[in-house]
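Going in written order, the chains are labelled A, B, C and D, and every chain counts its residues from 1.
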Amino acid sequence: MKSWEPKIVGFLCNWCSYAGADLAGTSRREYPPNIRIIRVPCSGRVNPLFVLKCLMDGADGVLVSGCHIGDCHYSEGNYYARRRFAVLKRLLEYLGMDPRRFQMSWVSASEGDKWAKLIKELVQEIKEAGPNKPGLRKRQDG
Amino acid sequence: MMRVLTKEDLKKLINSLSNSFEVIGPKEIPNKGVFYSPITGGDELYMGDSFAIEPAKKFFLKPSCAILSEKPDGGFGLEDVGVPSDKRVIIGLRPCEARGLTLLDKIFDAEHKDKFYIEERSRTTLIGLACDKPDRGCFCTSMGGSPADGQGLDAIIFAAEGQYIVEVITDKGREIIGSTGKKLDDGEQKARKSDKKKRHDSVKTKITPPEGLDKMVDNDYWSEVSRACVSCGICTYLCPTCHCFDLVDEERKRLRCYDGCSFPDFTLEASGVNPRPTKKERYRQRVYHKFDYFKKNFGENLCVGCGRCIRYCPVKIDIAAIADGARV
Amino acid sequence: MVEEIRSKAKELLKTKRVDIIIGYKRASDGVSATPAFVNTVEGADELIWDAYCTYNLSRYLNDFPGKKKGIVAKACDAKSIIVLLQENQLRREDIFVIGVECSGVIDEEKLRFGEGDADRIQFDQRCKGCDPSVYPICDLLIKDKGRAKTPGLEKDPYEAVRKFEVKSIQDRFNFWKEEFSRCIRCYACRGVCPSCYCPRCVADQTMPAWFSKATSFEGNFAWNVTRAIHLAGRCIDCGECERACPIGIPLRDINKKIEKDVKELFGYEAGLSDNGKPLFASFDKEDPEDFIR
Amino acid sequence: MDNIYLPHPARIIEVKQETPDIKTFKLKFDDEAIGRSFDYKPGQFVEASVSGEGEATFCVSNSPTRKGSIECSVKKMGKVTQGLHELDVGDPVGLRGPYGNGFPVEEMKGKNLVFIAGGIGLAPLRSLINYCLDKRADYKTITIINGARSSKDLVYKDEYKVWEKAKDTHLHLTVDYQEENWTCMVGMVPKILEEVKPTCENSIAIICGPPIMIKFTMPVLMKLGFCGPAIITTLEMKMKCGVGKCGRCNIGSRYICKDGPVFNYAQLEELGYGF
């Protein structure tokens, strides 16, 4: 049996975090390939349902990443996201979801290094948390 | 055949059944209520007066049940899914629920036989528990049942002064009860009749099932009685005879899940058209299905008077009173 | 009180101030109450008021489009109305709120169905955290002169939440797994909730299907999280969802947790004012972000 | 025991874009023996499964007299139909059926037939029209009134020429509003029906289309002298199981999937419903 590798879904805002991840790539920063990126216009676009769907459909971790406060391309999208996910994060923990599985970050377009470091840490943390198998479903690996 | 079991006998019986049967019975969860669930020992069985919240229907028509699965090799194609074949006994279900199953048989064990229902039925023995204290929601005697009725059961237990009198009805029941306990003597046998009558008379709520509902389809009565409805699925999901379902594809499986006429989405078409657009049509559908359509097709009302939909309706809509009051 | 409610209802209907009165009437079991929708002066005589009137009637306010509605409202219903006004679901001029001073409603689950027990009224747990003196939206308040049995405010309404928060993650998971496993997805929690008014709930959507329709752990967990998160900053803790739940999931525990967090994090409380933006439609530049990396 | 919900594997052998949102799929069972034994009447339907999406009900739109494949015309609407539209020739689907009662082709023998269709409502009627044309001697005059919102919403355009040329057959095409280069009729179906004035003498009208069209066409048919049993329709409702169990397609005490979908107006009135 091949060793388990976590699957992480990342919702990245188009203007900062996606560009930051891109920068990490173009400047050849190394980081683990466990993250699947979904580009969204703004972290404010991310619905708590997106996160929930990922976690219920078998993702081991979810990351929502956007511009630093004050830098939002749409002025205030990330302020809304911050509120929303503060509540969701606490709720998921209350219901027994491992806090490492849902994370949020601000990564700007120039922070390629931060991105690479963040993903390294994230993957490590989720590896420690182990596979996400809430209802002990038989998951389709791959 | 009638036998007398002490409490100890019943416990022993259940413990011994566990070897060769999957045993299911009412279990009490503190502050939540009574639920039918697998029983591992006689001590777990709840034989009190409270009724289980969910009817025993859930073991024959499961809330969600895989009926097809995609081929395991990842290739396309739907495959049949098996039904477990080990023998099962449900102990302590109420006569109304067993009667409900006899009505469901008319749907699922008829033209186009539904193997999931039929196989679950045939692997299960039903040992009923006669009711001692019907509550205000019960109206089984108006629907052709009785707290002591054996219809659809393989055996029925009557709790009597610290012991249990078991009436064996079918061979399946005999297989379970066998020679447990003592034989009931002849004098006692006669007393059973008056006990049954006493139980029958203990159901206080009485209604007259409606006739000729088809003449009042457009009546305002239906908007009046359905106004408080919150369009939830309690009445249909907890009903021992409601059997509507949805087919959904999930996780490489096709599942049959409960669905009900009270939900607006039940009949909503992809085009946006909904033939039952308001609570009036939806609630009327439920009453008509029970007291008109089913009667036209099968000669009986699709209601056993168990009272669950009345007891658990979040806004106390009372189908007994509504059916009773539906007069042209 | 009952007489006052009836005469006010009659007056409102007679003067055409409202077209319909949403109140309570006796249910068919002769003990409990059921919602009443009165549109005639004579009909107002069936209105009642007592501890069995547990429902949050503001749920029905949008069932009568284009009509002027009068509503018999307890403290919790009044708060719900505030939330509905704040979210532009109602027009203030379309409603007339008859506030009724409430001393707490009965806990039906402690009673055998259809059997009253007026002497030993056990107030519902939810009433213990409620301050029934808050009636900011009422056009009229009918006072309870014989009010004696006020359940009284709990010292710390979040005590249970705090106790649960410190449990281990595995304990918390196991607890909710067990509770959610009984969920039959009847959506009664949604049905009775005044704030669950979406024309098409995400649970019913098929394109995409947001979560499993089956009564699997995943489906039940996702539904209960979704219900709760959609009520964040909107739930006024009327506790109707928990009461309606036939299989007894402690939904109020989840609502309370969010209520507590929202208060702690953003100093926000639902149902206090109909001006001002809802929680998630607003932000503060200083909102905490210690969880963000 | 057999699983009544189990579909037979089949494949798409041809896809035709009828209108911007309607495609006709030609389907063939993988197992030829099943294909040969798949016997159906015009008006019956099948349940088609799309991998991962689910199952939906479609009427068979080709005539049983032209066997070899099963054709279904599908309008892109919900989850399953969208999934189907994404499929191409060679892709697998699942099929079970046929279900339902179908049109009373025997009772219709020796009668004049008036077909009234709106939009995709022509699909079940196309099966019946071609069936009747293939057994032309059994039926008298055939009148077809087919309407659509615009000319690009008309389905089965290739077949109009054949229908027009068939013996004693009259085709009336109509669109809701006048268009460039449109030479046929203009106006809603009820109005066209009034203009065409088919005789009610020894006639049967078969109508299928959106509810609103049926609502306004009924009075016209009545005025022309058609009575209850002589007006036939095929009903459409959300269906899931196809075998009278899942409970959503009740119309009165009948199930559309099991006892229908074809009813005449007299039967529907008896059930307490109009069209």
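One rule holds for everything that comes next: a contact is a pair of C-beta atoms (placed from the backbone, for glycine too) under 8 Å apart; a residue touches a chain by one contact, two chains touch by 3 or more.
All figures in this text were calculated on a predicted structure; none of them were measured in a lab.
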{"item": "Of C-D and B-C, whichever chain pair has more C-beta contact pairs", "value": "B-C"}
{"item": "Taking each chain's C-alpha mean as its centre, the one farthest from chain C", "value": "D"}
{"item": "Distance from the mean Cα position of chain D to that of chain A, given in whole angstrom", "value": "50"}
{"item": "Distance between the centres, which are taken as Cα means, of chain C and chain B, whole angstrom", "value": "31"}
{"item": "Residues of chain B engaged with two or more neighbouring chains", "value": "246, 248, 251-252"}
{"item": "Residue list for chain A, restricted to those that touch at least two other chains", "value": "137"}
{"item": "Interface hub residues of chain C, defined as touching at least two other chains", "value": "209, 212, 216"}
{"item": "Residues of chain C that touch chain A when the two form their complex", "value": "161, 164-165, 169-177, 202, 208, 210-212, 216-219, 221-222, 224-226, 228-229, 232-233, 254, 257-258, 261-262, 265-266, 279-281, 283, 285, 287-289, 291-293"}
{"item": "Of all residues in chain B, those that touch chain C in their complex", "value": "29, 31-33, 35, 53-54, 63-64, 135-137, 227-228, 230-234, 237-238, 246, 248, 250-251, 255, 257-258, 263, 265, 307, 310-312, 314-318, 320-321"}
{"item": "Of chain D, residues touching chain C in the complex", "value": "78-79, 82"}
{"item": "Interfacial residue positions of chain B with respect to chain D in the complex", "value": "67-68, 70, 76-81, 107-108, 111-116, 118-119, 214, 217, 243-249, 252, 254, 256, 259, 261, 266-271, 273, 275, 285, 289, 292-294, 296-297"}
{"item": "Residues of chain C touching chain B in the complex", "value": "27-35, 37, 55, 59-60, 63, 109, 112-115, 182, 184-188, 190-192, 200, 204, 209, 212-216, 240, 243-244, 246-248"}
